[in-house]
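Below you'll find a set of structures to go through.
Consider the two complexes below, in which subunit A is the common component and subunit B and subunit C are the respective partners.
Take a look at the complex of A and B:
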């Protein structure tokens, strides 16, 4: 398949845009007019050709620029990568998962050849080639999880399963919706979800944990989550909140279409074979309201979701300041007529 | 805070009670935390080896060193500063045997400074009994410059390193031994709400 990688930025001049194809395949997350947290986990099975679910790990037109943005974030704050000492087996598990998936599903871009434990990895879009010994840390220029994590879109967290729960003991996190890896690393499941409002009360976190602890090898699962971001910025970290927080003061009806973005996370979870850990991939897709309204059905649906969102969620997702403006902007697409169930664009 | 909403990352503390099946006991306390140690020795003086590290209370804190000296005897070591006590504790860690149980009493900054040292020797948090004493003051980690400001008693505090005004969040990291501090006026520079003592 042909993949044309775009030259674009996720900071400063924000030249990130979606092509018509990218808009069409956007993982719109709202099948109904109402939204509340739910476990909403489903098997991560193959989706339609061309969709973000066609392959276990999706590579799209933003791949090269997104990896470049990740490198900038890591250079400025090395703490975006962290791994506790007992996670080395799991690191190799993740390297294997990513290299095997990419070379199998995108053979024109990524090549993996194995001669026993001697592996050669070629990443053509990023111009990277290394021969290394699988399992030997010293044969790579950096830890295996960081090495491979820099060459894949999205954030990755490795969970260690022990003491009846999951611990976030390693991560490479540069495109997060306002949570800090440096702060959360080493936390148990319930500890790192502590700030999520209402979730404890409705029992979502207990049920999700139970489900994940039983995750089987070869049977990955997925769910969608969402928030909103101003400007197509990947690095909306608490670390850099002073850089992006003030954007909330400058949203008007005139600029909302360009600046306000729906941010959808495709979250996938894979059991790891050697370490029995779980790798949690959080892949971020950004779409401006203008791009979203290419399909008026989506704008109409999103208007209803946003208009009736629970106040706690508005606060938690950081939407309070520009919520009314975004709702008003979207309202022009909503004639009030019923919408059938489903996330399809047309 | 919303009623009925419990912060699940916030540690709960307990009352120090001897773990009678332990092979040895190590007690570490600071200032007013000495009261918890006195209470432990009211329960009993255990048959297993005991070591007590105590940091003398300063002018802002209570000092129980004299009473402890009488009650505990040779198994007590008294220090003038937290740094000295934690260093002595750290130096002893390699000699400690399987089955040793740990007891700590002091402010949260003190308790978690000790837990971080213990973690270097694979001592699990569950092996350390923790009693909060004297103050609710919090250690606060600046998410922007990564420094930790100890013993914060207010809802908003100036970071001890970068001076940003930090809002003290109800989110606690055991790994860092601190609550998260997030710049309060990042969106509107200079707009800082009233600073109030809420962790006296």
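Take a look at the complex of A and C:
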């Protein structure tokens, strides 16, 4: 696939936009008019050519700019990358997963050559090339997980499995949605997921944990989650709230189409071979309401979802302040006629 | 669960009772690397009935060309180990699952003490690679019946040097478990794999010495005990299945085409757990997974190892 990488920003002047192709392949998450919180996990198998699910790890037109934005966030706050010392086997596992996937699925952009343990990695879009010894930390300019984590879209957290639960013992987290808890290295599964409303009581998290602990090698899984973000901002972390929080007070019918974004997270989980850890990747896709409305079917569906969303979820996803405006904006696309089931754009 | 076809590339008689099998992929591809302590489940077609046994992977975790397992001939085998010994030859084709690890090293541990009895040495054969690669501090204590039964002891002696300690029963050498544990520094993890009395002795000694529970790890795959035939009724698939004397409940469900997922097939992981909706008799729990309270409630059963005596047992499957 020929990939033309865009020059754009995810902060300050926010020049991020989706091309027509990118809109068309957007992972629209609502097959029905009603939304329910659920764990909705499914096998992470190959999807349609051209879709975000075509390959295990998706690279798109935003790749270069997103990696650049990640570098800015890391430079301002180096704590967004952290790894406990016992995670070294898992770090190499993740490096292998990412390098092998990208070089296999995007051979024009990424090249990996192996001579025994001597690996050469070429990342053409970012202009990076290194020859290193797999397993030898000192042969790379930084820890292996940080090295690959800076060259891939999305947030990545590595979970260590012990004591009957999972611990988030390494992570590179630069685009978390505002509702997620600040990532702290060493947190257990339940500490990490404590804030999901009602989910804790109904045992969803216990079941999800059980499921994850049984995750098999070579059988990754995925789920979609969603929220909304004002302006195409990746770094909506709680600690930077002053930088983006106030945007919520300035949404009008005139600017909503441009500024209100649906934010879809493609979450994938892979069992890691050498460490028996699990890597959890959260890949974020942003689309403005204007872009979404390129396909009126989507705008119509999204209107119905948003209109009837439970107040707990509005609160949890941080949508309360601009919810009414967004619903009104979208209502122009909703004639009330029934929509067939499915997430397709047309 | 995904499986791969493997060909037996070599068989080595390691001791009078143990054979070591070298497996390569039939499609010529590489295996994934794995983590020390992992096992695979080998499926064998014995007279038209599929037997599945779990065996620890023993080779180097980064050897992606071949996987290695060792099989001890069990005295009262239901056929699995006897089949591996008598019917599987070089060139035979078997089916295995991808590796699963229920006995992994705790990489945060400051020191690792491995205690093996007999064929229980196998998971440690791969763990030792992980320990060495990471530069972790460890000790190995390996007890076996008599010199000719010490599978891989020469290899271990040369690879582990001073860190390996051997206890040969016939020579009167006894492994003093409390003594080994009591001289360990704080933050040590102990791992035991062997016959039930040995596993219990380690668990008990650790408890008495006040070790934190999460520093004590054991692997004990129970060979499913046989028993009397019984019948179960299945609520969701609306059918009745007969469990014959030489078959586990899990195998009976699989044969009927309604088998639940399974991982260890030895009562250790809990994956095959089923809810018992109605029961007019008694369940014989043989697993190491359910709590005592769950066992006595009669509401759950692990069909890979447990059986029942009843005329009516309704399972939620």
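We adopt the following convention: the second predicted complex is superposed on the first by the 341 of 346 C-alpha atoms of A that agree within 3 Å, B and C clash if a C-alpha of one lies under 4 Å from a C-alpha of the other, contacts with A are read in each partner's own complex, and residues count from 1 in each chain.
In this text, a contact is a pair of C-beta atoms (placed from the backbone, for glycine too) under 8 Å apart; a residue touches a chain by one contact, two chains touch by 3 or more.
Bear in mind the structure is a predicted one, so any value in this text is a computation, not a measurement.
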- Tell me which partner A:273 touches in the superposition: subunit B (first), subunit C (second), both or neither. second
- Task: Considering only touches as defined above, state whether A:214 meets subunit B (first), subunit C (second), both or neither.
- Result: second
- Message: Looking at A:79 after the superposition, I want to know if it touches subunit B, subunit C, both of them or none. Which is it: first, second, both, neither?
- Response: first
- Of the two partner chains, subunit B (first) and subunit C (second), which one does A:246 touch, if any: first, second, both, or neither? first
- Message: By the touch definition at the top of the document, which applies to A:162: first (subunit B), second (subunit C), both, or neither?
- Response: second
- If you stack the two complexes on chain A, which partner ends up touching A:141: first (subunit B), second (subunit C), both, or neither? neither
- Message: Tell me the contact category for A:191 with respect to subunit B and subunit C: first, second, both or neither.
- Response: first
- After superposition on the shared chain, which partner residues are touched by A:238: those of subunit B (first), subunit C (second), both, or neither? first
- Query: Does subunit B (first) or subunit C (second) touch A:311, or do both, or does neither?
  - Reply: neither
- Task: Using the superposition on A, tell me which residues of subunit A are in contact with subunit B and, in the other complex, with subunit C.
- Result: none
- Item | Touching residues (chain side subunit A, partner subunit B) in the complex | 79, 180, 182-187, 190-195, 197, 200-201, 238-239, 241-242, 245-246, 248-249, 312, 321
- In the complex of these two chains, what residues of subunit C are touching subunit A? 1-2, 32-35, 38, 61-62, 98-101, 104, 106-108, 130, 133-134, 214, 261, 263, 269, 271
- Message: Under the stated contact criterion, what part of subunit B meets subunit A in this complex?
- Response: 2, 4-10, 141, 143-144, 146, 164, 169-176, 180, 182-183, 186-188
- Task: Mind listing the subunit A positions that touch subunit C in their complex?
- Result: 84, 86-89, 135, 160-163, 214, 216-219, 273-276
